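Pasting the structures here.
Across the two complexes that follow, chain A remains constant while its partner is chain B and subsequently chain C.
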Partner chain A sequence: MTESRSSSPAEYTWPERGHRRLIGKRLSRVDGPAKVSGKATYTYDVHRPGMLYGKILRSPYAHARIKSIDTSRAERMPGVKAVHIIQGPGTEIFWAGDEIVAVAAVDEPTAEDAIRSIRVEYEILPHLVIDTDPQRAGDMAKPTAEEIVGDPDAAFRQAEVVVEGVYGLPVITHCCLESHGLVAEWEDEENLLVHISTQAVSSIPNQMARPLGIPAGNIRVKMDHIGGGFGSKFSPDRWGIVAARLSKLAGGRPVKIMLERDAELMVAGARPSAYGRIKVGAKKDGTLLAWESTSWGTGGMGGGGRPPLPYIFEIPNQRKQHTAIMNHMGSARAWRAPNHPQACLLTMAALEDLAAELEMDPLDLFLKNIELTGRRAEIYRQELQIAADLIGWKTHWHPRGDQSHGPMKRGLGLAIHTWGGRGHASNCDLTIHPDGSVEIKLASQDLGTGTRTGITIVAAETLGLPMDRIKVMIGDSRYPASGPSGGSTTIGGVSSATRRAALDALDQLFAKVAPALNARPEDLEAVQGRIRVKGDPGRSMSWEQACATLGGMPLTVRGRNPGPGNLTSSGVGGVQMADVSVDVETGVVRINKMVAVQDCGLIIDMKTAESQCYGAMIMGIGYALYEEKIMDQLTGRMLNPNMEFYKLAGLGDVGELIVHMMTGPGYDERGVIGLGEPPVISPGAAISNAVANAIGVRVPFLPLTPDRVLEALHKKGGHHATH
Partner chain B sequence: MRPIEYASPRTKEQAVRLLASTWGETAVLAGGTDLLSLLKDDVIAPRRLVNIKEIEELRGIAFDPRKGLRLGALVTIEELLDDPRVRQHYSALAEAAEGIRSPQIRNMGTVGGDLCQRPRCWYFRAGFGLLARDAQGRSLVLHGDNRYHAILGNEGPAYFVSPSSLAPPLIAYEARLRLFGPGGTREMPVQAFFRIPQSEEEREHDLRPNEIVTEILIPPPRGEASATYEVRQREALDWPLATASVALQMDGDRVTAARIVMGHVAPIPWLSPEAAQTLVNKTITEDVAQAAGEAAVRRARSLGRNGYKIQLARVAVKRAILRAVQGGAR
Partner chain C sequence: MRDRRPSDERAASLSRREFLKISGLSLSLPVVTDFRVMRVAGAEVKIFGPGKVPVTLNINGKAYTAHLEPRVTLLEALREEFHLTGAKRVCDRGTCGACTVLMDGKPVYSCSVLAIDAQGRSITTVEGLMKDGRLHPIQQAFIDNDAQQCGFCTPGFVVACKAFLDKNPHPTPEDVRKGLGGNFCRCGTYMGIRAAVLQAAHMQKGGASHD
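Coming up: the complex of A and B.
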């Protein structure tokens, strides 16, 4: 079934500008109606015959050793079908909420009662859940060696202006609206069927195979729709393996485990914190000379990531040192653009503070140093200009501190960001049936980014068919393997594989029908549901007539990425600006407007691309203003594992959002590049800068809550703090 | 499965007979917007729920210019908000109801439930008790994270804040509350219904386990200038960080008497006669309102992380006063 294209790699290209019927247009997502009508099935909605409900007993302590476990009452309870000890006596527990025992029962209340009946004795050990002070972390702090670029000492001596500040952002969670979870069932002794909320349909079987002791090929994974992942759903997780074990113990009956909201927030994903003492040296004209950073952060026992500092601006002389703090907060996971939002805040805030010290417009400071951004300098220059126009920078920007009367102070801020986004490895099978219908199968997943829609557009564009003639089947590990959706790699991967498959399929179809049209295959084209001779549209046949020549045998072609031709590449730039109002009597920050200007190479669907930016700005406003995994020092527990005090932005909180996608020469020819992550990088920094511009002083840490804003104002002094 | 009995009495007499005389045995269910969270979080584990929503006489809003406003305990927050008479004569109450930003909660949540809801203190909700102590008897609030806790009435042992947004305006209007129990009807000022518990056995309400709130009575409007101001971090559903409700009796431009009540700042809705006193015989200006705000928080103290709430309470009082006389303008 696999045939390779005889043509040269140069022919695997995207259609030229002016020849794109669908690509780049503003098209609605194909699964939109299913989602808004509630027909779309999420893992949460999966109900299997005879299904049991799994629940997990979790450690109330942040650091402890299990002394004993007594599950006898649970085991005797009517309705309880399986009890499985996940971590037995003697095991050391490293965070509150860690899994100890799982049960499966006929319904949720029974499972909960069973959990409540289990007695666990712990030896409580000392815990560390703060991350703001590496000094207090003792030997849990793991400093790395200092890194030097150029000659920072000389450069700081040479600098005419030096600013220094401390900045940071706390651990936050992914807070997927659909929590993590799955339904696992043994179809027979050897074969497991798993419905799971995942970002990695193709790689889940392999991850489950070893712990379960069966070949990966015996595990089938399915997922139709997902309610958010953001980097936290690549693994089957311990509870995934546990669900399979419970199912086995219960004679193969399906077992469903969906995390409760509190577990979701406690254990199923956290973004590492980052703090830094930053020093920047520059000439009076704004030329950046020197950077020094002492940074630290935590991602739980793993210590967390290391933000790439300084971010984007390659300041010629640098001294950098980072300390990873291990602590008992629960493990970090990749969170939409790992390490970048942190690096962006630490860098852009320091640069904006420098601009304030220089009494310079930060936009001018950025433009002055734009060459330090490297090969994307021209992109940033264009984007900064467009963003400035869209937000009215020249009209509304003022030197730091809104001098107008009254408690409401308005300010503008900006930030820039970058990301990779090259398409991942992806395979798809495209089948043209003799009746003219087309289907594409691949074991990819649609994270809500519009993967199905992107594949449909590419296939329809290439085959000259309307979108509703293409059936896309994803979310089943039995389909050809496709990469996990991480690193903004999906659209580049699946669109490239689809394009190659569709081009190859057309070649084969052209070869079949060329004689009937009295033409050479290479002179044919597929346009508007017809196969016709280029330049002689009178000589044509309908798509259905053409497909009928296949006889009884459907035509299936395997498309691959990577493959011949440059259909995807890496590296994007984006700019965001924020317009905020701050009530200096209450410290409450409101977003008036945000602008995102973003490039991502060739855009497949303008609408879903813009949606990514809108969603990212909303998520960004959340972590800029509200989100924090609040840990209790005494109990070592998370205090806000709910959506009441783990606050996300609501509709009334996001202000006006404007998105401008870069397209045309200089952008399109780079091929398709991913977009899921880049636009979420800048909001924290842009909003922090806007608040500093509004109130005349830096609020050093996110989220920008009333207490922090008032404290910054108080430190600055002046009359605001009292009325 | 842990069984819960469910009873749906038709009369208040039946309801009271179904309720046990000790806390924890049974629970009153109104809209359930708070009760269900308490159940799911294992804060309470009653063996019987007594649904009071079938009791017809607990419903309805009645208004008489001479008698005032009568709110049945089952009036929903949405019904309150939709009633033009409430908005016209008791604007501080309507403004407080507006602050409960979720249509779902406004549709289900009742006025009686709003007054009887339990504190949102994160230690209480995590099962450490109303006074939030650890196994060694240490106050988790004092040693832990108290950013949302009390700045007034916080001498201990209670540090939570009263969650009700409707109580402050009701107290500002000198509303009274009726309870029904085995001994018949009791009536008291709304303000007396709230109290600061001194031990884990006590509650934050003057409510017995087998009593229900039946109605709230607000005196006839006396032409007060009144308003509520909430400091909230989010526009979306969010607990206010501090609120103030004021009712000012006016003689022309001059204040003759005032009631100022703060919400979400103390274990009970906090009536501030000190603040009210500063307004008497004054014409409201920015400075006068500011001085009242200062007086309102003079006795406030920070527990460590909640000092900012003192400023928020001060501003809430000032802005509520200004809004009351400016008819909505800030």
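Coming up: the complex of A and C.
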């Protein structure tokens, strides 16, 4: 029963507006009850019979060579079942917290005692954990060649106004609340079962196969729920391979390694920093003419990414140069919308400074140059208008520097962003059983974005069934392969594959039941739990009756993405505006209100889509105001690998948040586009701009902590009158 | 110091023999160490360990027993010994609230309470909030308002919100902002949580009989 749909590809479409019963409505996530009752099982909650606990000894030095390792006391300790040297004598270590030795023991306290008993001698080598100055990085700085667009020299000469500034944002961490980790166990000599907290169920087996010397097909990966990933959980990581090795040493017993919080913050996730000296030239009326940027940043030994500058506004004349700094801060991972939040701050802050210099409203400056944003210009224009209305821009915006009395200064700021988000490769098996039940299997994962819910909605909509009749099974590498959840690609991929599978399954079902309804298959439709003749609803049968015609054999159809029909596309625009108050005596920044206006094509579930935007704004407020991986120059270690001093935004810190999703004509027909990344891009820039608007001076670096705010005020002119 | 309740005294004064009778365990178990009493600075201090000691906990109205090292936290006991994994381990040092449970009706960070010190207390975890298979109003409100994404912070928040509402049955939005600062969410579900607390307060006012 695998023949493909006879209809033409054009028929793989989303239902028209007005014919959508579920798609786009505000529907509750299907795994909500499991999550609120504590029944949802995360990797951290997995408990296997005979399970051992793995712990890892980490390097206290940012740069060192291992001289010797003595594990003899750990090996003799009762309850210790396996000891494994991860990096042996002679190995060079490049960041503090790197893995040296692992143990597995019958319980955590014993494993901790064993780790404490291990003696390692290091030869300490010089380290570099600074990223704010490429000059100090010596040959660890890797400059790229200068890039020229148009004629920047002539354009700067022609410019009537030129502004120059330095902006930046530091390395931050992912700080997933469920730390990285797994339970690995050998079911026999050749077969490994892995429960792992991952964004990539389908690709973990392949990544573990080579280091373990077994075929990928012998590795089964399972995950029900994941407590956050944000780009940091695509790999099994070294500790994943280590857990499998420890299990082997312990005769196949399950070994669980979940990182402690300090390790999670030190080694399991970092977003590269970015800094830039930016020069912008414009005409007096705000027309942008020239851009020059010298940027740098670090992602640890990998050097970090390169922010796409200038961001969105394709200024006709550009000179750009970027330097990647390699250092010992620990390696970077993809962090929601890699490189975009950095590029957004560096660009939007420079443009806002230009507007201030021109004594122009930045909203007008953006609109003036909106054609430079390319094919999404109209989307941005619409979104800017809506956002301005929602935040009361025309009423509350004032020229730079709140001139009102008292220490509380209020300001508004804005930023715009973009992202791709086309659906990834995805396969699913949709089975209709003769008893009428429906299940869908795919080796995808739900990061909390609502993947399960989205699949359920699409299948239920297509088959004309209520959502609770659809059983979605994900999180098992034995199911049809589906792409990793990164880059906002999941919803487009799984919804398209599900839609195709459900349409094909319906075609096959229609062919079976058409004779009984005395109709042609193409004249049938599935509506409200019935199969009926279009335009003649009296001629119908129930879903159950229809499925009974399948006889003894369930009907299974494979759905795929990419595939026929334009069900997903790429490229979204979003606008955010922030309203802040700054206490110029204490330097404390408060968010009064933030507005996000976002497009993402056809929305499957409005409720979880809005949640993505709220969540992204809140994460953005976190990195705008609080978050920074602070490195100790002396020891080369992270100074705040805990949640007291690596501060996330709390419930009382985020002000009033408003989300407006763009829907309807011009949006829906683009198909499904992902939403995880885009709304997290603008908050840093919008908030930084709002603070500048409030206090009359740019605070150059995020996070906008009180000390940085006060320093900027001090530099501006020492004394800031509070009248 | 926390206030001691009579039941606490009783639990603390159980002899090892009595404990083993109650828990129905045979003496063939590996030897467990009882506590000793020392006088320190004029006060009596119980010294447990080294080694495992018998522990009985009253969780969601049921008695649970185990042999635990004195250093084991309530959170570890719940998760590793009794497989009640609703409370999550995140910071493991009293910052994030993911491990929140109720002890005699008050919210505590279970990562920062020793299991041996939780004896004699009435402990409620997120698993204990459902009654007769029905969600507690705050749980339903979390679903309605999508106050969860990955859901890892959710059990801690649900318990914290229940405790908050027990103390503040008629909260203003401002009360909610001030009163729920002891839990963190990385996915950013605070808007949903604020709305959920207000909805649950409203529902409870409407006479829902859940406690």
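Here is the rule we go by: the second predicted complex is superposed on the first by the 718 of 723 C-alpha atoms of A that agree within 3 Å, B and C clash if a C-alpha of one lies under 4 Å from a C-alpha of the other, contacts with A are read in each partner's own complex, and residues count from 1 in each chain.
The rule we apply is simple: a contact is a pair of C-beta atoms (placed from the backbone, for glycine too) under 8 Å apart; a residue touches a chain by one contact, two chains touch by 3 or more.
Quantities reported herein were computed from a predicted structural model and do not represent experimental measurements.
**Student:** Quick check on the superposition: with chain A as the shared anchor, is it clash or fit for chain B versus chain C?
**Tutor:** In the superposition, chain B runs into chain C.
**Student:** Tell me the contact category for A:D632 with respect to chain B and chain C: first, second, both or neither.
**Tutor:** first
**Student:** When the two structures are overlaid on chain A, which partner does A:G652 contact: first (chain B), second (chain C), both, or neither?
**Tutor:** After superposition on chain A, A:G652 lies in contact with both partners, chain B and chain C.
**Student:** Between chain B and chain C, whom does A:T608 touch in the aligned arrangement: first, second, both, or neither?
**Tutor:** second
**Student:** Quick one: classify A:D285 as touching chain B (first), chain C (second), both or neither.
**Tutor:** A:D285 sits against neither chain B nor chain C.
**Student:** Return first, second, both or neither, reflecting whether A:G587 touches chain B, chain C, both chains, or no partner chain.
**Tutor:** Touch status of A:G587: first partner only.
**Student:** Just chain B (first), just chain C (second), both, or neither: which does A:L710 touch?
**Tutor:** In the superposition, A:L710 contacts chain B only.
**Student:** Counting residues of chain A in contact, which comes out ahead: chain B or chain C?
**Tutor:** C
**Student:** After lining up the shared chain so the two structures overlap, which partner does A:E121 touch, if you call chain B first and chain C second: first, second, both or neither?
**Tutor:** Neither partner.
**Student:** Taking the superposition as given, does A:E92 touch the first partner, chain B, the second, chain C, both, or neither?
**Tutor:** Neither partner.
**Student:** Going by the contact rule set out at the top, does A:D133 touch chain B (first), chain C (second), both, or neither?
**Tutor:** Neither partner.
**Student:** Check each of 43-51, 79-87, 115-123 or 169-177 in chain C against chain B and return the one that clashes.
**Tutor:** 43-51
**Student:** If you lay the two complexes on top of each other, which residues of chain A touch chain B in one and chain C in the other?
**Tutor:** Correct list for chain A: 107, 109, 644, 649-652.
**Student:** Within the complex, which stretch of chain A touches chain B?
**Tutor:** Touch list, chain A to chain B: 79, 107, 109-110, 113, 116, 585-588, 590, 625-626, 630, 632-635, 637, 639-640, 644-645, 647, 649-653, 705-707, 710-711, 721-723.
**Student:** Residue numbers of chain B touching chain A in their complex, please.
**Tutor:** The contact residues of chain B facing chain A are 1-2, 42, 101, 120, 122-123, 126, 134, 138, 140, 143-145, 147-148, 231-239, 241, 290, 293, 305-308, 311-312, 314-315, 318.
**Student:** Touching chain A in the complex: which residues of chain C?
**Tutor:** Against chain A, chain C makes touches at 69, 71-72, 76, 79-80, 83-93, 95-96, 98, 125-127, 129-130, 135, 139-140, 142-144, 146, 148-155, 158, 176-178, 180-181, 183-194.
**Student:** In the complex of these two chains, what residues of chain A are touching chain C?
**Tutor:** For chain A paired with chain C, touching residues are 28-29, 31-42, 44-45, 47, 107-109, 175-179, 225-228, 230, 258, 260-261, 447-449, 607-608, 610-612, 614-619, 642-644, 648-652, 654, 657.
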